[in-house]
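In order of appearance the chains are A, B, C and D, and numbering begins at 1 in each one.
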Amino acid sequence: MKKLPFDSTDNYSHDAAAQRRDFVAQNADTNLQHLGSYSFDPAVLRGNIENFAGVAQVPIGFAGPLLVNGEHAQGAFYVPMATTEGTLVASYNRGMKLTRLAGGITCTVVNDAMQRAPVFVFENARYARQFGQWIDANFDRIKAIAEQTTRSGKLRDIEQHAVGKLLWLRFNFTTGDAAGQNMVTKATHSACYWMLEAGIEGLEHFAMAGNLDTDKKHSHLNTLHGRGKKVIAEVVVPKQILQDVMHVSAEALFKQRQLSNMGAFLANSSNNGSHSANGLTAMFIATGQDVANIAESAAALTYSEVTPSGDYYFSITIPSLIVATHGGGTGLPTQRECLEMMDCFGTGKVRKLAEIMAAVVLCGELSLASAIVANEWVSSHEQYGRNR
Amino acid sequence: MKKLPFDSTDNYSHDAAAQRRDFVAQNADTNLQHLGSYSFDPAVLRGNIENFAGVAQVPIGFAGPLLVNGEHAQGAFYVPMATTEGTLVASYNRGMKLTRLAGGITCTVVNDAMQRAPVFVFENARYARQFGQWIDANFDRIKAIAEQTTRSGKLRDIEQHAVGKLLWLRFNFTTGDAAGQNMVTKATHSACYWMLEAGIEGLEHFAMAGNLDTDKKHSHLNTLHGRGKKVIAEVVVPKQILQDVMHVSAEALFKQRQLSNMGAFLANSSNNGSHSANGLTAMFIATGQDVANIAESAAALTYSEVTPSGDYYFSITIPSLIVATHGGGTGLPTQRECLEMMDCFGTGKVRKLAEIMAAVVLCGELSLASAIVANEWVSSHEQYGRNR
Amino acid sequence: MKKLPFDSTDNYSHDAAAQRRDFVAQNADTNLQHLGSYSFDPAVLRGNIENFAGVAQVPIGFAGPLLVNGEHAQGAFYVPMATTEGTLVASYNRGMKLTRLAGGITCTVVNDAMQRAPVFVFENARYARQFGQWIDANFDRIKAIAEQTTRSGKLRDIEQHAVGKLLWLRFNFTTGDAAGQNMVTKATHSACYWMLEAGIEGLEHFAMAGNLDTDKKHSHLNTLHGRGKKVIAEVVVPKQILQDVMHVSAEALFKQRQLSNMGAFLANSSNNGSHSANGLTAMFIATGQDVANIAESAAALTYSEVTPSGDYYFSITIPSLIVATHGGGTGLPTQRECLEMMDCFGTGKVRKLAEIMAAVVLCGELSLASAIVANEWVSSHEQYGRNR
Amino acid sequence: MKKLPFDSTDNYSHDAAAQRRDFVAQNADTNLQHLGSYSFDPAVLRGNIENFAGVAQVPIGFAGPLLVNGEHAQGAFYVPMATTEGTLVASYNRGMKLTRLAGGITCTVVNDAMQRAPVFVFENARYARQFGQWIDANFDRIKAIAEQTTRSGKLRDIEQHAVGKLLWLRFNFTTGDAAGQNMVTKATHSACYWMLEAGIEGLEHFAMAGNLDTDKKHSHLNTLHGRGKKVIAEVVVPKQILQDVMHVSAEALFKQRQLSNMGAFLANSSNNGSHSANGLTAMFIATGQDVANIAESAAALTYSEVTPSGDYYFSITIPSLIVATHGGGTGLPTQRECLEMMDCFGTGKVRKLAEIMAAVVLCGELSLASAIVANEWVSSHEQYGRNR
């Protein structure tokens, strides 16, 4: 087995990338020309990737205009969706038309925090409880220490979770316009080592992580307590518009919802809606989010009603939407362009982006549910899809 | 609000894409030049996207060689990982070094099926049960009907799930080298309409979907019954190698695992491991998978032991890995190249790719866990990361 | 610390019980006279308890008549409910009146099996898979071995669940009129030791249990696959009767159900209904069931509809109802009387009892939901309750 | 169908009970003599049951002494266990011997609250959020109103859970020595109606309950936030004692725990331990608890370690132990005696009882796990059991 050339992570250049491609192409007797087609100086990638060799070109379709009545996002937006799944853009686009005609989607951010949850192992549960009481009593000092490591991170509160001799502290930070996972790790680390150095009575062991954040995977804890933004998108679609655009009634959608609610409960699913992951993933890829957070962000709670006048109230609540408009991949060339086309790049924009994403998700929910109810689901994939 | 030009989904050309970009750029007073930098004829995208306007350029780093002792994947592989998260490629690469020195990763596919789960609503539970008995008795005929719609899809079995007057049928198909969601939808649709046309006693209502597949979201049902491939990756790392490469002992990793197991159980998480979503997402984007399936594929089960000689047995079981080497986005230019560099493009390759992905995930688990245990986690993000 | 006298478990006599009471009473300076008031010869308790010292006198109230349209239970039943919670009997009784006027409750048993799930640990996942294939190929022989240990237990099938190098086999038995936990343990033990003696390639370790049964605790696996009987109870209550008896409309109950469904999903609850544990526990105590199985049997799935004519379809599905009419405590004096008053004692009666229990649960669901909706909940507890 | 005589719930007399028994006995052509054997005046049952007809005589065995090093329970206790399952008392008794020799069980109460969770439905999510902010700002007034209805209930805090236009408020009360379900219902009702009368902007609908308490069923919310007492029991068993009493090593128990942890995670179980429901149910019946709360109280978290010297640290955490020493059935004749034999009757005793119960559970866990590991499980049921 040969080692990759230029394994150094400090080597961000066209040449280094080409040499990596050549090496692998030769090794596999194949051709990697498209990978090498990118439009920027690899130097911009420092901090985003190691062993850079080229780019995935993921096709982007535009959908919209999406009409949002948010507190941060207000007005009409064209939305970039990066996907290779036929029908997806068309389906979301259809939902945007519907909700546009209905007067737009109301979005509300109701929670906002990023977590790191170290675990402390004591001699017994009493020491753990005593430490927990100390934490409560000394929150202000801990907060001050933690916040020294970051400009934008603010420690909101510390949850405590006790099991036997173990005590998890779940630090909740607001993180400005960054998703903030690294920021909160560093701040939590700093606070914990300050405590560790001061000495903790009865402590046997400490670990910076113990799966209670929870990071890069769904957990019911995240659904209940949130991770990232908790955003709610709502709409009331008049029955006539529903009929005209979707060829369904509110009653029929509501009946389908009953089946989907029951199925999700029976399956013990993270989401009683349909496919929020589709819209979110397409936007995450386009806008430079950490796409692996789809694992958490795909959880959702759907609640709907038929109004007395026969219209359809529909809502989607995303409890753990992890999103940034600053840091991570948001500043890379195509990613930044995608944020800018929604005026969502940089500081002060993250809740706006969260609102737009929630609105997009809602559009996809209504579109797919309608297609199932109207029995247009299979035929639309026949029309747009590839997997035949 | 202005409508997007060329909303027709049949318009796959450089011009059409440019006009969409220009329209949106003008509308938002911004610039979308990088989006327009792609290296292929948009005509290849028919069936993959609508309203095509450009591409996301997602940086790819190469990791490897990864040594796999699979039944389908055998030998050393260089792995393309598309991500914007600093440290990720370096961390997986470190795990690949470790497992290479340990003699490679054993991979085993133990389950393989794709689902569609229509729901039948009856007058009462007795009619539902009677229909279920009819399904069991007529499986061969149903199978024949379903398989008429597809060359590669084979109906394996039909699960039944009853709640009150509702009966879900969960059709399990093998789908060759495609992920198969559309294939199984079409086949299930065909089988159901054959039954519906023949008449089903006591039936009140039918819906093609009711959240029991479950598609584009985590469910415990998927963890138990699988969706896509269920793959297990295992390794035994000798203690000396663990110490040399990772600066940790098997005992220390195992102790950390106890905390992570407890935390995952307490959080009611879909995954008691660390971050399988990171490696899978990076490979999904690179190889043209349906990235939204990370919602399901991120679930995992980790089991480890310290062997009598102090080495570390570590395994990761991915119950719902949804992956394809044919169809969907796998044939697009950069995506195909990424598959080809692992000799995983086209027919007969899907289990090979599944094995490689599981092996990649395992590498990331060992690397991150070691970093946490060795307290190198924060410092490595300092070195490679951006989110400061 | 003094040891209890007559620790021998073979000592079932009035004298031995009295001596135990006297010893403890003296030790605690208290009086245990009521404990000693029982109406049978302690010799009947052999096999039911050790260190017998007396009885708990749990008050029983009668409710009914309950009108059941089951396949096994047909007609009107008076139901014994053992409880100390004021309002409980009255509330269930009210539900029985309602459903009686509505024409009775339809009950259907749709699944029936008791489990034991040993776990086999192999050198690696491949050996585990190979063993699984052997199990499938040799099911008939395994079945024959297992059934040698029992008259009434029949091995229905063996589920396989693989994680890393572990393979759980979940044996599903029908168990006649007994709950069957011990019966299936013995049969499974016998089958496993036959395999172990024959030699299993690559096996490292074996354990008779590993929490996949799952016994004496809720699990989602039990909800999906069942444990004991899966029973569905259904009713359609005409709107006028609902109004007359409960002072609510179908629409109001259905609206409340929407909130309860959402709440149960959000809480990740084992039951989207209200309080099935109340009715089941009261009947379990009265009829000599293993009351600890409430942990499993309390899971339930509620589905309801408003019919086109404004009546209320309501159903409760109990996936893991563990119940017996033979063995365990069913033959003890008061317990047997309680079974006999429903003609449910002895062989051939267990599905009848399961149907009655499901019907009772349904009555309690409708009664409590109606009380909440009609805002009569607090006042009824004021009237009947004690906890002020 | 004939109506039961004396349906009035105010009729608590020997005669009324006898008439009910006679009526049912005649109706079913059976005999209910044992039911009528009870040793108290039925008048004591007012507030505990309606339509009283007799008692279930549930056999009680004594186990112990149990050595507890609690903060409230200190010393040796003889424990009453009401059950009809052979082996149960003997098994717990064995665990008590083991832990007695090990120096006793340390118990710690770490959380204490009882819940009621009304749900408020608004026009949209913004009104819901605004109401939530009002709740936070007016907590002291709400607390004052709620506490007017009760002497011992104190409002600790109010959780908020938002989904779409719905907002659940989860009121957490401490409830003195009562379990407190009715007390908190009344207090919450009072607080809510005070708010409702004052007027809540944008409110469409209100319901006193919506499955987020969660009452009489397991929920992961209860595991995370607690319901009733959260109690931790811990012990370190020296290896020699483990070997002498249980014929197992700490290493073997720990290995079995790995399998049980994995199985519980795979099954998505409410409890990674073995059978806490057994010990709790037996004590609940004996001591007049609301036995239906086993649905919630059976949840548990087990964490164990092998110490450097080869001893076994074992802990069980019960997050939702619902228990009382006052109110409900605690004052009935046999029930009170059972509390008194542990000096746990009346005010100021509830945490003591909670500690004893947790210690009992721990004993049963060690005993059953040891039996499985030592392969004595089947044979012990052969010796003591009945279900053959």
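Descriptive notes on the structure:
Just so we're on the same page, a contact is a pair of C-beta atoms (placed from the backbone, for glycine too) under 8 Å apart; a residue touches a chain by one contact, two chains touch by 3 or more.
Keep in mind that what you see is a predicted model, and the values were worked out from it rather than measured.
Where touching is counted per the definition, the chains common to subunit C and subunit D are A, B. Note on connectivity: the fewest steps through touching chains from subunit A to subunit C is 1. The interface with the greater count of contacting C-beta pairs, when A-B is set against B-C, is A-B. Centre-to-centre separation of subunit B and subunit C, using mean CA positions: 39 Å. Centres computed as Cα averages put subunit A at a distance of 17 Å from subunit B. Taken residue by residue, subunit B touches two or more other chains at 161, 163, 166, 220-221, 224, 261-262, 264, 266, 268, 272, 301, 303, whereas all remaining positions touch fewer.
In the complex of the two chains, the subunit B residues touching subunit C come out as 106, 108, 110-111, 124-126, 129, 132, 161-166, 220-221, 224, 230, 232, 234, 268, 301-304, 313, 315-317. Those residues of subunit B whose C-beta lies close enough to touch subunit D in the complex are 220, 223-224, 258, 261-262, 264-266, 268, 272, 301, 303, 305.
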